[in-house]
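The structure under discussion appears below in the form of structure tokens.
Labels run A, B, C and D following the written order; every chain starts at residue 1.
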Amino acid sequence: MAVGLEHFLILSAVLFSIGLYGALAKRNAVVILMCIEIMLNAVNIAMVAFSRYGHLLTGQVFAIFIMVVAAAEVVVGLALVIAIYRSRETVDVERIDLMKW
Amino acid sequence: MGVLEQFQHWLLGYWPSWAAYLVPAIVAFLVLSSFILLVVMAFIYIERRGVGRFQVRLGPNRAGPLGILQPVADAIKVLVKEDIIPSRGDRRIHWLAPIIAFMPALAIFAVIPFGPRAIFTDINIGILYIIAISSLGVIGVFMAGWASGNKYSLVSALRTVAQLISYEIPLMLSIAGVLIISGSLSMVSIVEAQSIPFILLQPLGFLIFFVAATAELNRTPFDLLEAESEIVAGYHTEYSGMKFSLFYLAEYTHAFAISAIVATLFLSGWKGPFLPPALWLMIKVFLVFIVLFWARSTLPRLRVDQLMGFAWKGLFPLALLNLFITAAEAIIWPGFPWQLLILNLLIAALLIVLWSGLFRVAGERVSFHRYGRGIAKGMALTFRHLFRRPITVQYPEQRLTPAPRFRGNLLVWDEERCNGCRACARACPVSIIDIETKKGDKGLIVETLEIDFGRCLFCGLCVEACPVAALFMSRDYEQASYFRESLVVKKEQFIAAEKRPSAYAYPDLEAEMPPQTLLAPPKEKG
Amino acid sequence: MPEVALAIFLLPIFSFVVISLIIRPFLNKRPQLSWYVTIASIGASLILSLWMLVEVIKAPGHVLPMPDYQWLVIGDTSIHLGVMADSLAAVMLIVVTVVSLVVQIYSRGYMHGDPGYCRYFAFMSLFTGSMLGLVLADNLLFLFVFWELVGLCSYLLIGFWFHRPEAARAATKAFIVTRIGDFGFLAAILFLYAKTGTFDIGELQHLALVGAIGGTALTWAAIGIFSGAVGKSAQFPLHTWLPDAMEGPTPVSALIHAATMVAAGVFLVARLFPMIASSYEAIMTVAIIGGFTAIFAATMGMVMNDFKRILAYSTISQLGYMMLGLGVVGVGVARGAVALEVGLALGVAVGIFHLFNHAFFKALLFFGAGSASHATGTFDIREMGGLRKAMPWTFATFLIGSLSIVGIWPLAGFWGKEQILSQAWHYAPILFYLAMITVFMTAFYMFRLLFLAFGGEYRGGAHVSLRESPAVMIVPMVLLAILSVVSGWLPISEFLGGESHSFFGALASPMAWASLLLAALGILLAYAIYSKKWISAESMRRRFAPLYTIVSRKYWFDELYENVFVVRILVDGIFALFHWFDDHIVDGMVNGIAGGTIAAGREIRRLQTGQLQAYGLAIFIGILAIIAFFMIFG
Amino acid sequence: METGIAISFWILAAVMVASALAVVWLRDIFRAALFLVLCFFSVAGVFVILGADFLAAAQVLIYVGAIAVLIIFAIMLTRETQRGSPSGRFRFIAFLVGLLFLVTVTLVVVSTDWHAITEIPAEPTTSSLAQALFSGESGFVLPFEIAAVLLLAAIIGAIVLVRER
């Protein structure tokens, strides 16, 4: 069975949904960040697949930018998590709701 | 097209495609592993002997002629050792870690060109592939440190990872200079572009790459992860047996890989007259490796803060400057004429001298005049040691002559002179001398004499207290025992023992003693 | 050469900028620099002013044509800025620059060692620049800007020693009282603009003369403008601020509160004289207020004990004289008793000629006050006395100044006063009699001051050693003394278009003799009471006790303003109403809105759980909803 | 060639989905992070079979070499391993949302007619990618610079955030 664009897109969707579930359901902030990275990777797969099956390199260029943004995001995100951990001794997002009202 | 692809193509004519993909990979893995194993053994042997010579000692020389079978013996020893898994650790990760640490080092060789056509696969992003793959080793270190369930291992892993990440940046930036000149990421094209070896066109880049690569290899002076005095043996403290040997193997494979990369990127790879290309490459690899352990046997270990400061304040800006300068040169002189050699050498010297004066590490200003000269002098000293006679001896066959007043273990007791006055027992601050006498014809006769050397301080007070010169310190240093009881020496043993008195407290003896042989070999004295 | 005219007032402003932005922040260790900068800039202005005077004299009709600049365009109306270089401006420029220069020289000695040295000269420069700009302005808006700037400088300089509560209070008082007048002025400007659509002075005067504006509108506009002049020139009933303004440094009093700024009111009336004189009611008001202020202030001057306050009341009185001079000629013009062209020039000449002379001798008198207090450390004349022997130069110059202000022939004061009196005799006899009484009173209080401060024996504390002031203060005084003698001999009046006078011919008129006689009587009375003590001052005071009380309490004007206007009407009446409105209506609205928002927020904020994942879920449910919407309806 | 790619795809997809599920499933954060590495690695493999060789190397370099290491660092620094990574109170609704999302996207993918070009594009993408990024008229030079500034800002922000006072 030949592999086509749809396969990659559905793979991307599956990966994205898993990441989405994790990001919404897990309580550990680090794990949430990990799941967000999975989502970004899923998007990258879709981008590169479009690039491959559209013969247009723009998709790969986008993937590069997504990687850059992911790196920046994870750096700031983890810095925040560590800063919060230092002051509150927890990374449980259900207990980090100080700013609610 | 590399060897691997050629093999694949040839196989595709006969076998189904999946087999044609799989079989060459397995064959390559096997060939490569055995080759690497050989080279690593040679490395280990050369390093141990070489470091010995640099440090004016012999190095291993017992197993086989000139100790050449020492690595084999080590390997066998390590393989038959018990495999211990800490109970608090994570069994599976503990098991997986050495493999993860070893694989990237092995995978690097897929793109190292051993000759114009001798490369496993000439992928067009070769150097990027190498950087990407070698960053995987970090994960293995992490896993090992974590799975050991040991604080020291974990701290070591964290340290190592911080170090590896920090030094990866100047490493990549210094490679970028090479890439600008060669205009390609492929290892083969990089070698082909080197009509002049890039070490001459990129002296600063080479230096930065070499230093950063040393740090990536965790070799002295950057071997923080196994700072024995602080964190035991680092992340592999809890490893033994096969798994430990895999880490050991990974370390040397990585060293081999890095040496090969240095040779490829800066020393024009397999190029060279007369000899076959693969041989040229191996010669260069070994040269690079020799320089690596030359530095190892000379320089002391850096502190953690110094290590990080050096990477971020020293190498990183210098690598950036080097990149800018190379880019500017690429625009001004696109052909990179040979005149640039001189310019780049001057720039490199100037930048190093200037930059070293600009930044501080651990609150102390780094001065090239102080540290640069110190490093150069140290390297020169160890290099001179290479040609000196080792001052160690073949121990059981040859023995050292200790200093005339050396206080050895086991006292020398002269039964005839002893008058049983017990002055020695009274003088002993820890009361380990047990002496009993009875009346004899011409005075007292010693009935029992027992000294517990397990508690002896070797203070020599008993010798000084003896009024009749019956008690001497000895010149022996070889006594050892598994049992405390055997350290309690009795009268009979004293009588039977070989009489080799030390000149301690007996100046008249000193003149007759032979000169010491440890640090002042007879050759230089005469 | 309009650039030169601009330079006349821009130079001192530039000096202000240099001192305040460069010297004071960076070179505060060498404050003398600020003095040099000030002197250089004002000296340059003086030279330029002299040059301009020469040019104006040469010019036909004594007016130099000056181009104007378009300043800004709002809709269809464009506002032009320009410089008016006529004889009035030229004379005023000379007055301002000469007095200012002399005052700055004097200040070097007077302000020596003051911590606010740089600040002082910065403000003085700004004041001089603004005053020159005020004089040169050809446009009401432009004029008003400088008008307010000189007011600001006056405020800053009265409160120069702001750490003294009296000074701070006096500054505030001066500012607020003059602001009441300025309100009228501003209203008049806006009213005129609404009526005519221009700010240009020449154009407005032209419109008034041809009758394009007239009747009640013109009267109200003229009275509004005059109210500004009343405030600035401290005329009745806004006179209360000027005596208090003496809290500032004496050179400030000499320059601003005697010679120049307070004269700006007179200048304003002169500048707009054709317009104001077109309204009989308005010009009558000017004359009456001037005449009344002259005698009113003189009465208070007779009983004051503070050296500078006496001079301040004398200033008010003299300013009243000037207003009177302007007013009576204007009345003549309005009645048609004198030809329009001649009358308009004559009025300006009469008022400004006295202003010109007054500037010099009043500055001189203030210098004398400063010099005396420099030696004795007080302004209370009861604690002075005998200064004649210790300070001969001060005494001599002060005597010249006193004789000049009293109007003794042939000193400067005589000529201006003579013209005013003769014009009053012609057009408003009642005011003439008031003025004649004022002459007597002036002579009395000036010589009372002279005898008390300089005659007799020293009554102050023994610890003060009386010494003549330094040369840097004496030289300006001598300079001004010379000017006080000769300034009346200059043909300023003719130059402004007024009557000429001959040196001895003035003595031919009986009116001159009458006024001289009255002055002599005043001097004699003062001599009798305060020098020879033939008549006891104490018994006089007891005999006229009610009168004395009224006058020495300054007719209770301060109390009237404070208790009746401020407390009763403003604080208890209008402000209380505003307060109630603020409390109930405005605050009620604000609090209601805020309370409503808070109440709404209290309910809505329950949505904000602070939980990251709740928000994430909401986002994705929203995305799904949007996709579903498009799937179903798209 | 075609079969090889298909086999690789299915293997990589299986590994990828399994490791992603493991990331979400496991309570041991460290193991979850290791599975994340595996997931990243298989994504790199997918890039290889999609002919994006440069991106594959970049994927390994950035995600495995940098991001995963950072995450593991954070795990060690936050020391939350005893508590592990439990699921929160939104797990059911999150599961529903994820499933719905998957269904929606799958429906969209299946029902859309993609004008896909199936022949294999030119292989070495590095230089053409550089062309696409930096070429004069249609390049991404400005976004590239902005990305650089973003990274710098992120680094400085992170340093400021975690600096101990």
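FYI, a residue touches a chain if its C-beta (ideal position, glycine included) is under 8 Å from a C-beta of that chain, and two chains touch if they have at least 3 such contacts.
What you are looking at is a predicted structure, and each value in this text was computed from that prediction instead of being measured.
Student: Show which chains lie in contact with chain A and also with chain B.
Tutor: Shared contacts of chain A and chain B: D.
Student: Starting from the mean Cα coordinates of chain B and chain C, work out the distance between those two points in Å.
Tutor: 95
Student: Return the distance between the CA-based centres of chain A and chain C, expressed in whole Å.
Tutor: Spacing between the chain centres: roughly 76 Å.
Student: Could you put a whole-Å number on the gap between the CA centroids of chain A and chain D?
Tutor: 7
Student: Just how far, in Å, is the C-alpha centre of chain D from the one of chain C?
Tutor: 80
Student: Enumerate the residues of chain C that touch no fewer than two other chains.
Tutor: 613, 617, 620
Student: Return the residues of chain D touching two or more other chains; collapse runs of consecutive numbers into ranges.
Tutor: 54, 58, 66, 73, 88, 90, 93-94, 97, 101
Student: What parts of chain A, by residue number, touch at least two of the other chains?
Tutor: In chain A, 20, 24-25, 93-94 touch at least two other chains.
Student: State which pairs of chains touch, listing all of them.
Tutor: Those chain pairs which touch are A-C, A-D, B-D, C-D.
Student: Using the touch rule from the top, collect the residues of chain B that touch chain D in their complex.
Tutor: Chain B reaches chain D through residues 17-18, 21, 90, 93, 123-125, 128-129, 131-133, 135-136, 138-139, 142-143, 146, 154, 158, 161, 165, 168, 185.
Student: Okay, in this complex, where on chain D does chain B touch?
Tutor: Checking each residue of chain D against chain B gives 1, 3-4, 7, 28, 30-31, 34, 37, 53-54, 57-58, 60-61, 64-66, 68-69, 72-73, 76, 123-124, 126.
Student: Sort out for me which residues of chain C touch chain D in the complex.
Tutor: 613-614, 617, 620-621, 623-624, 627-628, 631
Student: In the complex, go through chain A and note every residue touching chain C.
Tutor: 20, 23-25, 32, 93-94, 96-101
Student: Name, in rising order, each residue of chain C that touches chain A in their complex.
Tutor: Residue list for chain C touching chain A: 605, 608-613, 616-617, 620.
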